[in-house]
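Look for chain A in each of the two complexes below; its partner is chain B in the first and chain C in the second.
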Partner chain A sequence: MSGLLVARLTLRPTAQAMPWSPVVAVAATGLLAAWAAGSLSARTTVLPIVVAGTLAAAATATLRDPADELLRPLPTSVPARRLLRAALVALVVVPVTLGVARLTPGPGAGAATIALGLTGLAVASWLPERRVLVASAVPVCWVMVGLALQDRLGALGDATAWWWTHPWQVTVAAVLALGTAVTTGRSR
Partner chain B sequence: MTQLHIAARSVELSALTKRFGRTTAVDGIDLALDGGVVGLLGPNGAGKTTLLRMLATVLAPDAGSLRLLGLDPARPDERLELRRRLGYLPQAPALYGSFTALELVDYVAVLKEHTDRDRRAQECTRVLDLVGLGDRRNSRIRALSGGMRQRVALAAALLGSPDLLVLDEPATGLDPEQRLELRSLLADTATRGTVVLSTHNTAEVAALCQRVVVVTAGSVRFEGTPAELRGLAEGRVWESPIADPRATRSWMTADGAFRNLGDLPAGVAPSPATLDDGYFLAVRSGR
Partner chain C sequence: MTTDVVSVGRAAGRSRPAPLLLALTWQEARRMLRSPWLVLGVLVTGFLAWSFTRDTEWHGEQYLSGFYPSSGLHLATAILVALAFHRERAGLAPGTPVGEVSRGVSRLLAAVPLLGLTALSIAWLVAYVWSNGGLDLGDEPGRTLHAYPTAPEILQPMATGLLAVATGAAAGRRFRHRATAVLTLFLGWYAVTAAYWLYQASWLAPFSVFQSQPVYVDLGPDVDPNRLPAAWLLSVPGQYQAHWERLVVSPSLAWWHDLWLVALAVMVVALAFPSPVRRRLAIGGAGVAVIAIVAQFVVYPS
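Moving on to the complex of A and B:
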């Protein structure tokens, strides 16, 4: 109960403390590009994928908390603070993903966005605070590798595109990695 | 009740060790502290910050044991209880520039589970007044000077009158008047709990600390009172017009004479020792 009350009381300051610019810029550009593609009836698979990767990366970057060292030895844990940030950024990511899927002719990338975003979050939970921005690069890097190698190296090449071909399995793996990090105290 | 009171003031470290890759930052430290203001002295890279971060539950040790206020921070339930009774000021803390001083302290107060709005408002006002920022509470942090930002972070550390206050170079960026105010504030805080601070300033230690711990290369070289640290150098300091080659260390003073430290040569009159002299000897004892 106390945790929920703390979460409610910290909603506004957490939102105020988060670096929104990258997410807003990617979201706005993604929506604009999707609208343009839809207007031109240009069927594209790449655009939702690029939006998914960059949006997941920008969302992961919002976990970066410059005041972490000051806040870390407080009763409200790092995972709790990050969870609130992730929930807040999801309020932007989910509608944007749905919007891009609706505006773009062709398959959407909603599940891939969730898989990539949670992968970024899971990697961040295993890294020290100062390396969170490294974790934010993971979704984009994985997308690039997947686009380059899928269908080229057999099973290994296919694995590089799991975020696209098996997004829910990736999501489950990311949630497990996240849970393990929290329970083993990596993000204490 | 008496037992609880004693436990609430204790810091107990046993063979505490922390490594970063191949570097051993804290190397098997044993230490027991019980109340008052304790100063950590040591050169840059001695392991002071790593030690303080472990005391603040920010870092987990790689080996050894740590009990703070009678609690084991390795156990999640005890760590949570400990964090409710702990205040921590990191070295050069980064803050949110877009927050006002009051917003930041209020945010920290909520994260410290001060959920009652009225009591929280009173507590935030109290700590901001304590650090002399009552009249700047509504100023944006980005508009404050470095010293004022340091005091905002100190105010956050003081929330809830912690039983254990861990401060990493708290006087950094403060002017002389603010330093005096800080000394008074910490001396008052120490009457109710334990304050552990790191500093490079021996004058700060002499004025404020009941105990001093000298750390070098991750190990404790000295632990005792400031007078005992100064006592290390009694009879081992002398002055001369040029640097004495028999000294283990010599340096020029403001009046142009040389101050020498080491085994007093025969026939030479010793000079009164200072805390700096004792510190130099303690540091060199490990080399």
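Moving on to the complex of A and C:
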């Protein structure tokens, strides 16, 4: 009963207050592009990867809450509110990622999406509260830099594609960075 | 006092529309030219231009992707115009003495310097091709090292630049959040530029954003390439084709495709304007688009 009450008091107003349009528009565009790529050719492309980066960026953008300053006196911290938002936006991101993998040839980019999304969340937790949109640029920029430089700069070039070659290590690092931010009181 | 200020502002707006429009255009252009997005677009275009000059993996790669370096500026243009049009959504805009249409026109005019940068990137491409004596195209025995793009092919990135302005205007005006506009434009432009080869089938190429030439015409089985006319450019059977194919560059197809892009831009930019203007632009653009599409199918090499 108490669980239902908490859900009613937190999930519904949070879902209503979240800016859904970035993630919904990117999801629709990504699914459309994936459908076109899959139905027009059997060749693998980097499109699922680019969709993963853009989707992670859109998901990070939904963390922005203009009422952060107003809600500061409440006992619920900014990281807690953001984690709730991240959980809600995952309900859209996960099926879209699976859908893109199903529509396009190749293995898809599920692990990369998780790594990039958590990276965006971790960066947002370390930046000032009003810089969420800057944090949302990180996943998509990392993807594009990785695609451009992966084969060019030796070890440094390899590092630009860690989100693809070592997604679980990136995920662990992002979770650690997030945990450190929460425990040290960043973005309280 | 308030009445005086408003009436003076309106009188000035009515009697001298051109200077007012130019002033707004100048303000918007200054914002665009000082934006970090533009720096990013120039850097991406520079990187793509540098990549374009590197070793190629197959004959004709450079010819088919000649428009590619400009795509960084296209994306930057779309985003900058989107950010400008997004300000129209601010609550203050309807209270200003200049109408929405004039504000929209000034924002479109402010994108002209960005199109100028696209023109510069095209000029660089032309200089590169001509200074190298042309591009590699075709496979032996139907191959040349001196292929030059035709005028409508060279102009295609400019027509696409107009479409970039239009998509930016529509996205900025209609999406509630800037992040939505920027990310959707990024993904949409990436899908049509980096994977341009997806949209080159004969039934789809007339509708594509980037139409690459030459067109590949299947010559059927049992063709002896040494018996074909010496002037024909050919493509050897391989992973993606079963037979010899003839490479045909069609300037008329490229001209009609440029017109299609302009018409598409007019239809898309209509979304950024209020109703009466929107309807006129949409109808006019649709009429020209139908003509351009039909003409492309008529002249498509077969």
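Going forward, the second predicted complex is superposed on the first by the 179 of 188 C-alpha atoms of A that agree within 3 Å, B and C clash if a C-alpha of one lies under 4 Å from a C-alpha of the other, contacts with A are read in each partner's own complex, and residues count from 1 in each chain.
Just so we're on the same page, a contact is a pair of C-beta atoms (placed from the backbone, for glycine too) under 8 Å apart; a residue touches a chain by one contact, two chains touch by 3 or more.
Here the structure is a predicted model, which means the values were calculated and not measured.
Visitor: Thinking of the overlay built on chain A, is A:Gln16 touched by chain B (first), by chain C (second), by both, or by neither?
Guide: first
Visitor: With the two structures laid over each other on chain A, which partner does A:Leu70 touch: chain B (first), chain C (second), both, or neither?
Guide: In the superposed model, A:Leu70 contacts chain B only, not chain C.
Visitor: Applying the touch criterion given at the start, work out whether A:Gln150 contacts chain B, chain C, both or neither, answering first, second, both or neither.
Guide: In the superposed model, A:Gln150 contacts neither chain B nor chain C.
Visitor: Just to be sure I read the superposition right, which of the two partners does A:Arg81 touch: chain B = first, chain C = second, or both, or neither?
Guide: first
Visitor: Once chain A of both complexes is superposed, is A:Gly30 in touch with chain B (first), chain C (second), both, or neither?
Guide: Touch partner of A:Gly30: chain C, not chain B.
Visitor: I'd like to know which partner A:Leu5 touches here: chain B for first, chain C for second, both or neither.
Guide: After superposition on chain A, A:Leu5 lies in contact with chain B alone.
Visitor: Determine, under the contact definition given at the top, whether A:Thr44 touches first (chain B), second (chain C), both, or neither.
Guide: In the superposed model, A:Thr44 contacts neither chain B nor chain C.
Visitor: Return first, second, both or neither, reflecting whether A:Thr165 touches chain B, chain C, both chains, or no partner chain.
Guide: neither
Visitor: Which chain A residues come up in both lists, the one for chain B and the one for chain C?
Guide: Common interface on chain A, chain B vs chain C: nothing in common.
Visitor: How about chain A: which of its residues touch chain C in the complex?
Guide: Listed in rising order, the residues are 19, 21-22, 25-26, 29-30, 33, 36-37, 40-41, 45-47, 50-51, 54, 57-58, 61, 64, 133, 136, 140, 148.
Visitor: Show me the residue ranges of chain A that touch chain B in the complex, using the header's touch definition.
Guide: Listed in rising order, the residues are 2, 5-6, 9-10, 13, 16-17, 66-67, 69-76, 81, 185, 188.
Visitor: In the complex, go through chain C and note every residue touching chain A.
Guide: The contact residues of chain C facing chain A are 47, 175-180, 183-184, 186-188, 190-191, 194-195, 197-199, 201, 204.
Visitor: What residues on chain B touch chain A, complex-wise?
Guide: Spelled out, the residues of chain B in touch with chain A are 56-58, 60, 76, 79-80, 83-84, 86, 88-90, 93-96, 98-99, 103-104, 106-108, 110-113, 115, 153, 156, 166.
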